[in-house]
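Given below, in the form of structure tokens, are the structures.
Shared chain: chain A. Partners: chain B in the first complex, chain C in the second.
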Partner chain A sequence: MASSNLAVKEALKANPVPSSVDPQEVHKWLQDFSWDFKAKGGKYPTKYNLDVNTREQFKLTAKEYARMESIKEERQYGTLLDGLDRLDAGNKVHPKWGEAMKVISNFLEVGEYAAIAGSALLWDAAQSPEQKNGYLAQVMDEVRHTNQTAYVNYYYGKHYYDPAGHTNMRQFRSVNPLYPGVRRAFGDGFLAGDAVESSINLQVVAEACFTNPLIVSLTEWAAANGDEITPTVYLSIETDELRHMANGYQTLVSVMTDPESFKYLQTDLDNAFWTQHKYLTPFVGFGLEYGSKYKVEPWVKSWNRWVYEDWAGIWLGRLQKFGIKSPKCLADAKKDAMWAHHDLALLAAALWPLTGIRMELPDEEAMNWFEANYPGWYDHYGKIYNEWKSLGFEDPKAGFCPLVWMMQNGHGIFIDHTSTLPFCPTLSKSASNPSFLEMNGKRFAFSEGHGERQWLQEPERYEFQNFFEQYEGWELSELVKAAGGVRSDGKTLLSQPHLRSTDMWTLEDLKRLNIVIPDPMKIMNWQPVH
Partner chain B sequence: MTKNTNGYNSGTNAKSGQAFMDEFLGDATSKIPTSDAVVVALMKSEEIDAIIQEIVIPMREENPSIAIEDRGGYYWIKATGKLTFDCDEASEMLGKKYTVYDLLVNVSTTVGRAFTLGNKFIVTNELLGLESKVESVY
Partner chain C sequence: MANWYNTETRDEWQDQINSLRSVSAGVECLQSFRADHTGPDRKTYDLKKEVTWIESRIEMRLGQLHSEELISDEDLLSKTIDGKCAKEVVGEWVKKAADIDCKIKMEGLCIAYRKACKPPMVPINYFAAGEKILISKLMRLRAIGALDQTVEELREMRGVTRLSVQ
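What follows is the complex of A and B.
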């Protein structure tokens, strides 16, 4: 007790109390206490040496942080529960967009939840008091964002005319083959590696790069399709993200001047960019372009602006003089920005009973827009969609399922073991170099070389049981029923291949197709292209 | 189409269809570029609308590279070098106390190095901590 009193007295002598209550003077005073975090030891050690003198760009105190965030909450919930409620905003959303938000906000919630742990991991690893302060505020932000993204689905569930899916996506997403990719990018990427690697995934790439198109640009698409709910929430979320981007930048600064640390940086940056891009580029593009009636701009142009010109140019480009290089995967990432979301959309349509949303195939107007902005789109994708339509894609009595069509036509769907995303080697137009490898008597599929290299370096990191392995032998309607994929009448499917309230598919319609989940790795004798 | 190279649809994005695709996927753009610009997105509100009209638009007289785009729910601003938002000036213009932390309620994103300096909010292309120090008024 006596020694701690002495320590306080000595600290106060070295750091006289502020002369005012100006928050930035208080911040300076608080951060000048040089607590010895290193001696206490971090629970999560890092291979990097973090500089103890790293600064916090926003100079936050708890008082100003709490005041700022409470104003954000008052404005956001005030708008939602007062103005937007009176305007019946939930029912002015175009149904196509209202369906897309069932998965967009629900999947983003996973990222926010994982980011709570990721930023806490960084708080534990950092040595600089200011850096810890920035990370700690981020932990609280991520709790806020988890609530906000969930609240979008909750609000839609109460105010949108078709709440099924908004209300129980957390349950049904467990069988959605597009869902594990979220866990790989956001879950594993944000919190399951070295603390600095987590920062690069979370703050430097996912937040500084991809939240701009995902959370900022997306609000334009939302508004164009009648949704004022999402802009109210997402733009408020993003007002915290810029502090997280600054945290990520200061993480880089804190390790860049140490040669022992710098030698790890390029590889971790390359891997993080590919990990995040591999999921976010197709997922965001698919959500925007295929989840909307009214288009804003081609996704590839948003990607070019926010990812290539601004993030790569203003962040990585400026850091080149300090030794940062272009990610080796950049050319492939750009090809993906053109085509990967179209590949994903085709597979989502083929797997529609497992998506939990109502989706319709592109109509003539949409097809013209796609062809104008992605020359060659119609010959590759449009013809398939038209064939599916003519075979009765929407009609529950037609007995047609695109999943069967794909298998019968030799278009096997496989799961990329690193990204955990489905891919079709014979129909892929994005950066594709499929292969399969064997280890311990088991075969693993890879859609391209960057992910394959990541797996080869750390196979134990990418352990998981994919959709086909998990559900092989299940009859499709039984799987949908077990996963909660029916509406409140107990028989009509949550997922539908059209937006009408008539001719809706039921469990019986799905059962008549007699689809038993196969494992394509076992039955199609698929050989690698190279 | 705008002549300002920072314009929302300038450069490659001014092209469309096959011409866009050729340039976007071409060898000339297969490496990361180096940009001296910064970007800010301001979520629309009563205060932000006034700040755009009375403070940001007049900044163009000193920095003509500033591009401002109304994107529905937010304003997108891009400029070469640096953008400084002086909240003492905003406070005087709005007729109420308005601190840098009040401004941050509506700053929806930045690309560049963003920091607070007293009652100012600054986004700069400088590499803080590498090329220059993180400034403080204290």
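What follows is the complex of A and C.
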């Protein structure tokens, strides 16, 4: 018998399972349950010593958890399958938002899935039985959330008038240049490396810092755009997040009292904040503001309130007396909150055949809103969108591709090696300080210094083949076809540069553009800087 | 239809892997592959994303050949692929780490350990436990003062060359 199974058997012998489901008895049993494996060390590496006496804040977990979650599930699925079905909610969503949800919910599913493993990693590393219980409850939550985020796409696929994309985004996202970013932040960030660093990524930054601007804002924008589905599911998810934030706080508490462990904390906090911000700030801002017809609060204001003031100011402020400081990169992150999502939106439009959604350029009303809330927006971005429109951005017969326009106008697109997101040095208004390096015969691009620093510290952690390296030499329509980017007729593209059901682009239209994917780190004349 | 999970590169390697007939040939193939294509010190990046797939196929074939040659389940869990005591082999690597207090040297040791010992070279029950000790030490060495070094110092430490487009 494997040693871990034996340990479980021995622990159960010492602490027999309760004879009833009486909440008090179950709770007492779990409190007594010691998880007393022979080797407490766990499987995974960590530089921290976790306190064996750490308490878990949610004493009610054992006796109330299943009952509480069961009621939440009944309410959520009951509303979706009964109330919202009858109201035809799937078709009352503004199409622009319905398209954005094709990527938003699908990408967030990656985060929930990775969080299952991240919480389990912490269960493995924790020494205190109560702390282990707290993490274990989170594992169960994350399983629930993975199902929920996937269910949003499933529900849309059944009830929304254009299901293509909701039905197969898991397949098509493999060629979406925006997708590796979510794998980096949520995948690697939540479950790779030091268990405590994973906790800081997942619980302290992604959950305590970003779920308010992400999930609360997302549901607000969704409701404003006619979407009752997303708030029904995501607010149910959000009710679990408080427990996870508390887990993050307890992780910090469990290592802060140990001077040896404390000296590692600030580095991990800085790196985790930049990792999560680098993806979440542009992606969420882009999804909300460019995926909506009806606007709510500008992303920069939500970000400032929740991330800058609430998290970095108040939440981290409480830890200041212990010596924890706000991340050094916070000032650059604040600049990004103003412009990074606009940079990303421009690149997403340029790469529209690879997004898997129908994407409309900002109309006049949207442009006025952007300019009013982001002064200078029109001169930088709006003019480009208008030029693309006049050149036939939407028309499949015009033969115009913004990607080619960018290359012809000297606006090269590169992939940042650390965050894995695309960037364009000549059009970026966010905190940009690009650098291009060569090491051991391979060339690397970085959009700014914080990511470059992370890579220089841990190069083996960021081994990654970017979109251009991976698909260099592919003709674009062949790649889209191979990745499942066509509708059920076998020829019309999943992605479209407009929201109409007429004049839709086909594989043939894309093929006529004759785009063969280049690797900019190879085709340009790179020379050493002396 | 072309796709990215059934490529000519994979087919060529799969043919080569299928032709392995002994543990010694498999060990040689895996060692050479890891030296050439894995880790930040690899000799070439030509195989791009195919590296992990090909490495896993060599490992699978070698594991199969190894299990066919070995009779005892006990040996599968306690001996390295060349018949040494796994506990002692891993112990030697951990011993090498004891006196290292430089993060670059420690990083080199961790990379070398993974290339030399990742299963099926050493059974996972010994390999993972050893790697946990080594990586925990590397993490500690890396975290100290990580925010104080300038990017220029880090570039120099890594020996990178800055590039620009001419």
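To be clear about the criterion, the second predicted complex is superposed on the first by the 480 of 530 C-alpha atoms of A that agree within 3 Å, B and C clash if a C-alpha of one lies under 4 Å from a C-alpha of the other, contacts with A are read in each partner's own complex, and residues count from 1 in each chain.
In the analysis below, contacts are C-beta pairs under 8 Å (C-beta built on N, C-alpha and C of every residue); 3 or more make two chains touch, one makes a residue touch a chain.
These figures come from a predicted structure and were not determined experimentally.
Engineer: After lining both complexes up on chain A, report clash or fit for chain B versus chain C.
Structural biologist: fit
Engineer: Does chain B (first) or chain C (second) touch A:Ser501, or do both, or does neither?
Structural biologist: Touch status of A:Ser501: no partner.
Engineer: Scan A:Thr219 for contacts with chain B and chain C and give back first, second, both or neither.
Structural biologist: Only chain B; A:Thr219 stays clear of chain C.
Engineer: Under the stated touch criterion, which partner chain does A:Leu242 make contact with: chain B (first), chain C (second), both, or neither?
Structural biologist: After superposition on chain A, A:Leu242 lies in contact with chain B alone.
Engineer: After the superposition on chain A, what angle is formed at the C-alpha centre of chain A by the C-alpha centres of chain B and chain C, rounded to the nearest 10 degrees?
Structural biologist: 130
Engineer: For A:Gly441 in the superposed arrangement: first (chain B), second (chain C), both or neither?
Structural biologist: A:Gly441: touches chain C, not chain B.
Engineer: Does chain C touch more residues of chain A than chain B does, or is it the other way round?
Structural biologist: Ranking chain B and chain C by residues of chain A touched puts B first.
Engineer: To be precise, I mean the smallest distance between any C-alpha of chain B and any C-alpha of chain C in the superposed model; what is it in Å?
Structural biologist: Across the overlay, chain B reaches chain C at a minimum of 17 Å between C-alpha atoms.
Engineer: Would you mind writing out the residues of chain A in touch with chain C in their complex?
Structural biologist: For chain A paired with chain C, touching residues are 41, 43-47, 174, 193-194, 263-264, 266-268, 270, 328, 435-443, 449, 452-453, 456-460, 463, 465, 469-471, 478, 481-482, 524-529.
Engineer: In the complex of these two chains, what residues of chain B are touching chain A?
Structural biologist: Within the complex, chain B contacts chain A at residues 8-9, 11-13, 16-18, 20-21, 24-25, 29-39, 41, 43, 45, 71-74, 99, 101-102, 104-116, 118, 125, 127-130, 133-134, 136-138.
Engineer: Contact residues on chain A for chain B in the complex?
Structural biologist: 22-25, 28, 54-59, 64, 67-68, 71-72, 75, 208, 211-212, 215-216, 219-220, 223-224, 231, 235-236, 238-239, 241-242, 245-246, 249-250, 253, 256-257, 300-301, 304-306, 308-320, 322, 326-327, 330-331, 334-335, 337-338, 372-375
Engineer: In the complex formed with chain A, which residues of chain C make contact?
Structural biologist: Interface residues on chain C, with respect to chain A: 1-4, 39-42, 44-45, 48-49, 107, 111, 128, 131-136, 139-140, 142-144, 146-147, 151, 154-155, 157-166.
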